[in-house]
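Note that subunit A is present in both complexes that follow, paired respectively with subunit B and with subunit C.
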Partner chain A sequence: MSENKIIRNVSRRTVLKGSALTTGAAIIGATAPMHFIRNAYAADSFRGDPGSGKSIFLGFNVPQTGPYADEGADELRAYKLAVKHLNGEGDGGMLNTMKPNNLKGNGILGKKVEFVTGDTQTKSDAARASAKRMIEKDNVAMITGGSSSGVAVAVQGLCQEMGVIFMAGLTHSNDTTGKDKKRYGFRHFFNAYMSGQALAPVLKDEYGTDRKAYHLTADYTWGWTQEESIKAATENIGWTTVNAVRTPVGAGDFSQYITPVLNSGADVLILNHYGKDMVNSLTQAVQFGLKDKMVNGKKFEIVVPLYSRLMAQGAGDAAKGILGTTNWHWSLSDAGSQAFVKSFGQEYGFPPSQAAHTCYVQTLLYANACEMAGTFAPWEVIKQLEGYEFDGMGNGPTLYRAEDHQCFKDVLVVRGKEKPQSAFDLLEVVKHVPRAQVEYPADMFGGELGPYKV
Partner chain B sequence: MSNTQIATPRQELLYMVVLSAVVLTMPLWLQPFGAAYPDLMQKFMIFGIFAIGYNILFGLTGYLSFGHAAFLGVGSYTAVWSFKLLSMNVVPAIIFATLLAGLFAWLIGFVSLRRSGIYFSILTLAFAQMSYNLAYSVLTPITNGETGLQLNQADPRVIDRMAGIEATSGLPNTNLFGLEGTGYTGFYICAIILIVAFFISMRIFHSPFGMKLRAIKSNQTRMSYTGYNTRPYLLTAFIISGMYAGLAGSLLAMTDPLAGAERMQWTASGEVVLMTIFGGAGTLIGPLLGTGIIKYLENIFSAFNDSVLHNMFSFLPDWLNDILTAIISPFVGEGWQLLLGIVFMLIVIFLPGGLMEGYGKISRMIRDRRQKPADDGSSDTQHSTGEV
Partner chain C sequence: MDAIFLQILNGLDKGGAYALIALGLTLVFGTLGVVNFAHGAIFMVGAFCAVTMEKILTISAKVKDPSVTFFDAYKETPYLELWFGKTGSAIIDWVVPISIIVSIPVMLGLGILMERTLIRYFYKRSHAEQILVTFGLAIVLQELVKTFFGANPIPISAPDIVAGSAAIGSWIGLSDAVVYPWWRLIYLLFSVVIISGVFSFLNFTTYGMVVRAGMADRETVELLGIDIERRFTIVFGLAAVVAGLAGVMYTPILPPDYHQGMDFLVLSFVVVVVGGMGSLRGAVAAGFLLGILQSFSSMTEVKSIIPGIDQIIIYLVAVIILLTRPRGLMGRRGVMEN
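This part shows the complex of A and B:
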């Protein structure tokens, strides 16, 4: 054991020496590089300031992998198109129809728009890491994107801490501009409450007031609030809720969740799913023969409260006749929608999805707010966006409400077409629900916006 | 090979000095690689700690655990809860996270270590996946499920409130007695903890305890026959590496106070195995190297897109530029894992001992060449233990 003893003797000395040296090195190391600490700003400086540079950078943080990857790919296409239009390339798209419009097609405030991309993987961790990289390394002035409310809430929180504006992409949870709203976060997309309010009257007309509903819900913030909103809205028209079951995101196989529906006595299945999850659950529900069943003397129905053309495309025949709501659809005939569909189609050869639309609009709105503010300083840009009223962007007159940074506009109730004319003509608009019908008081969901300067 | 030699104190000192210097000057020398931003450097440090700890189990005993992400997750959740309930100071968060992860490791290790080899791996994998699914389903009141556990303006923060610190505007920052837990200060906090963690791991490597762990790796049966009960040693190693993982988890929560269940997924456990093998299992510095390379690939290469590549090759003629871009683009951006896979394959085939084996081969080659003319170049590596 003599060897052990030697080692032990030695270890005490080494500990002392090592720790002394480490502390020394630490002090030197920690003080030396202070001069290039980026966030050692003066009071009026801000992150993402292009300074005297020729370009302004925007961060496009979208899911490129995972259950919402299709939406993410379409969002990225829209962002690239928006950058083109902002820089005065292409046909200008909605720059020609947007009212009021301060954009000149020479970038933003005379600076060329450039962008960096990142993959959120539809995971909060990965999305925040990617957003942090954009802020700390690429010095972006604004972050936008995302196709999941969980991610949107997480990234929005980060952007508030870092003082960078977040223009949310596709996020439908009430929390994004409710409980978890932030001063630096803005949402153009509609939310679950609006879906419920828009959908319920149509459901009443189509399926009557005596129905028993069964919910399958994606188990995260969006699913929870959508389940709550749809439940409240349908119970308001006299429906009862038999059961509400939570399913994991990206489950793939939903058969174990669908089998119990058959014996539950429910006659309506409400799928609070989105993206590939919805494609899978809807297709499997139809394969199980739910759509052809008669329950309680009524035809069994399936409802997908948040619908999109991409999902209808994925679900194929299963989507036929299914009711739902959507933020926007390419078949709309107003000038803004047509201009966007035209330039998107010319660029990529197919019409844009609602995810692409909301992302494109968000980018333009941010750019426009910077022009109005005359600076990239986020607190000034925020003030321009708050309470901003605009038109010509595809949804009719729209208001960015100052109290919760939520856009208020018309909502579309759509149905999967029985006889589609083309591969993209999959949804028909059943009802154009006016903005007044989906409005709600700003303090309904609670939450706190936080400060202008962080 | 360093894992069979008994290191002299001077060598240990040298290790510590070099490591400290390299780590603390990272913001300078990472600049040309485009990696000198706080978030990535914090990740280097944090996952470095994770890999160092993992190496104590896998590198020394050869027990391949596929469930260490569970301890990382436990550490993160504990730390965020400590931020919510107690204080935004990171000290209680780190202490509780490390202890709780150790407790978890004791429970899981107690069961899993009844078996060895592939059965042990499967057991740990099962436990980790169980924790992941629990975090998603039954435990959502604690973990907040898919959305992830986050801080809130209205959290109690008992100790902070008692000390009279109120969050007036916006969310409070994590801090170490006033030093912010994010940005560059966050990196330095992580870096110093990494250096300490490395020191402890080095002492374990060179201690009689470490020797016993190595004996388990080389022949557990023979060790039992010599009268040693191997299980307590294994369990201790398992708990220590679990605590390292918990520490790493709490630091993740410090730099970004949000804990998501995906941190506990089996892919996260696999990542640390990759890091360790990549750099060289059983070597001191190898896991750190592996961490650096994998995190660099993940964060930098995954952000490359076609336009970045075009810019990179802009000095070439257009047609060559297009061809190169077309060849490389599937391996960067969303395809970065493809690149990682190829590099990993190459390493495992040609350098089964990881990057450290490559380093050893090269340094031996140089030494041999120097030795041929004059036989004096290598004497400095052969100190006897008696010399101080």
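This part shows the complex of A and C:
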């Protein structure tokens, strides 16, 4: 009875209303993700997509504190200059010399370039946290920067997970484009293997083949690979390795590691240190009289395989006469280098460091790849960068090798200048080592790039 | 033998630095009962006295640098050199010794200011509260230094006359290869002099004896009509001077940066704990002991047996000492045991 009553009370109008509501709800339910969280579902969506916005954001993640803060400060200067040039301000810098060049000085793909910055503190966890913040909160399309391989490897891994391109700053470990390489990571800077290959012939010419080397090595990924590469290269020219001692990063006082060198029988000290550590260890090694010492009938020598002008500045007189390698130097006379040095010098009153150069170039290369791809979609931009050959950016014809995302170009062997002519004239280029001499097979350091779409 | 001698020397040198910082820390704890986490920051401020002095002495005139053609670059020549030539250069060269003289009144003033305006309000508060407030003070000091001088280390040189190494091996019949930097030898001598000076002050002057009496029994000394609080203020200032001088003298060894104090603070607390809380002799002995152990643990022969020992030796020794002698090497009964 009651059942019939209920049925009787349901009118045709009510049924129609109910049907309409149900159908409507079903349509809204099916399409809601497309409207409200479209990026989470659409196959061609990506992080950092500026959409219809007028600006594209880049994330500059550099060490603003910690042992590599000097490099970080210079990287940031270079990034700001690159942004200016990309937006059509200033004299254009390397935009005038880069070949091939798709950049028009109107931002990237018509969108104004803006940036956010982070402090890596030269700590992997801090760098990852800072990069994550920029990706999630600031919607950056690309992360770049860093002055440590430990940081580069950590941030590169994060960028691969999150699908954002990472244009590495100063990172010299073989691992960055070797066992830890990633599809979303690109390195313009040279690496420890290249330093060894470039430096060894010069060491042979300058110091002979009968030498005993003692290594002091920063105890993290970069130090290990540099020690391995330099050991292999120097042993190839007949040198023997007396000892290789690992030192903690940021040790400050290296005296307890330097005193054993005095009686080790070694006649060469190789400092696999960088930044503040290198300034301290080199200064202290000189204080211990190693530069004036005679061992095995030969003059004792100190070698710093990875050198920079900023470090030479910090080490002062201790850097004079010391051999090493560098990615780039402001005194190069090619058109690209001169254009960059002029822009940078006019802006800041002093020449750029190698860290500044690599960061500036990386920003322009990313922007150019976006223009070539016609989109900010990272997998398309990656395809443009892979195997890309360019010139006019300071190191001669350069290749971004597709298999490991490592740039191949000429390497410079430099020496601390004995009689500097100016406050910046601290290094002299001893040799331009051609790209062919530092090339190696793509699978030599292992690793897998991973997928284009994540 | 040569290697062992060098490591002993190295350890004494390191130990001198540790002992100097730990001495001030213990002095403050022993007299005022305050656990001063800002002590490392005072060491850092001392180092920055030398940096400030260097900046003052090298105030420069800007002259266009003709060797740079790409852009307008400028050479900076200190006015002292422009006005006084070689004498001016010599004054700049002696920046560290000059800073030592200047830093004494500066650090004494800073110490007294800190004690009168902040620390004295925490004498009767718990150690946890003392730690919190002094740690906060340390952060404030280091952020102030960072604001004015930046985050990067600033190299300061020792005078040229002591920039090289002493052929110490040939003096004592060891190999000619045994050399040691002059400045580090001076630092070792300096720490011995300062430590002896502080001990002499406390043991052989009436002022020092009253301070020691106050350390042992504050109430009785006050009943005798002595203003012990005023003397303790001076002791806090003295501890700041000792830490500050240690900082100034350390600048040619390690370019100072704003975070240097924190790096040394942890080490010096370990030294104080190993030596025994409140024991001045313990702090000095532990400073030298840990310095020497740290040097020996860095030897290749030792590291080949226990890899990485150089990085943990200090903490390992602290654990062993605290397990076997919970009050430290020379700790007194009743200190921090309530």
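Criterion: the second predicted complex is superposed on the first by the 414 of 454 C-alpha atoms of A that agree within 3 Å, B and C clash if a C-alpha of one lies under 4 Å from a C-alpha of the other, contacts with A are read in each partner's own complex, and residues count from 1 in each chain.
The rule is short, and it goes like this: contacts are C-beta pairs under 8 Å (C-beta built on N, C-alpha and C of every residue); 3 or more make two chains touch, one makes a residue touch a chain.
Note that the structure is a prediction, hence the values are computed from the model and not measured.
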{"item": "More subunit A residues in contact [subunit B versus subunit C]", "value": "B"}
{"item": "Which superposed partner A:153 touches (first subunit B, second subunit C, both, neither)", "value": "first"}
{"item": "Partner chain in contact with A:262 - subunit B first, subunit C second, else both or neither", "value": "second"}
{"item": "First, second, both or neither for A:161, with subunit B first and subunit C second", "value": "first"}
{"item": "Touching partner for A:248 - first (subunit B), second (subunit C), both, neither", "value": "both"}
{"item": "Which superposed partner A:65 touches (first subunit B, second subunit C, both, neither)", "value": "both"}
{"item": "Partner chain in contact with A:129 - subunit B first, subunit C second, else both or neither", "value": "first"}
{"item": "Partner chain in contact with A:342 - subunit B first, subunit C second, else both or neither", "value": "second"}
{"item": "Which superposed partner A:451 touches (first subunit B, second subunit C, both, neither)", "value": "first"}
{"item": "A:421 touches, of subunit B and subunit C: first, second, both or neither?", "value": "second"}
{"item": "Residues of subunit A at both interfaces, subunit B in one complex, subunit C in the other", "value": "64-65, 248"}
{"item": "Parts of subunit A lying in touch with subunit B, wherever the complex brings them together", "value": "3-4, 6-7, 10-11, 13-15, 17-19, 21-22, 25-26, 28-30, 33, 36-39, 64-65, 116-119, 123-126, 128-130, 132-133, 136-137, 150, 153-154, 157-158, 160-161, 218-221, 246, 248-249, 448, 450-451, 454"}
{"item": "List of subunit A residues in touch with subunit C within their complex", "value": "64-66, 69-70, 73, 243, 245, 248, 252-253, 255-257, 259-260, 262-263, 276, 279-280, 283-284, 287-289, 292-293, 295, 314-316, 338, 341-342, 344-346, 349-351, 421-425"}
{"item": "For the subunit C and subunit A complex, residues of the former touching the latter", "value": "2-3, 6-7, 9-11, 13-14, 65, 67-68, 70-76, 150-153, 155, 157, 163-165, 175, 177-181, 183-184, 253-255, 257, 260, 263, 294-295, 298-300, 303, 310-311"}
{"item": "Footprint of subunit A on subunit B - complex, ascending", "value": "6, 8-9, 12-13, 16-17, 20-21, 23-25, 27-28, 34, 37-40, 43, 136-137, 140, 145-148, 150, 153, 169-171, 173, 182-184, 188, 191-192, 195-196, 199, 203, 206-208, 256, 258, 260, 262-263, 299, 302-303, 305, 333-334, 385-386, 388"}
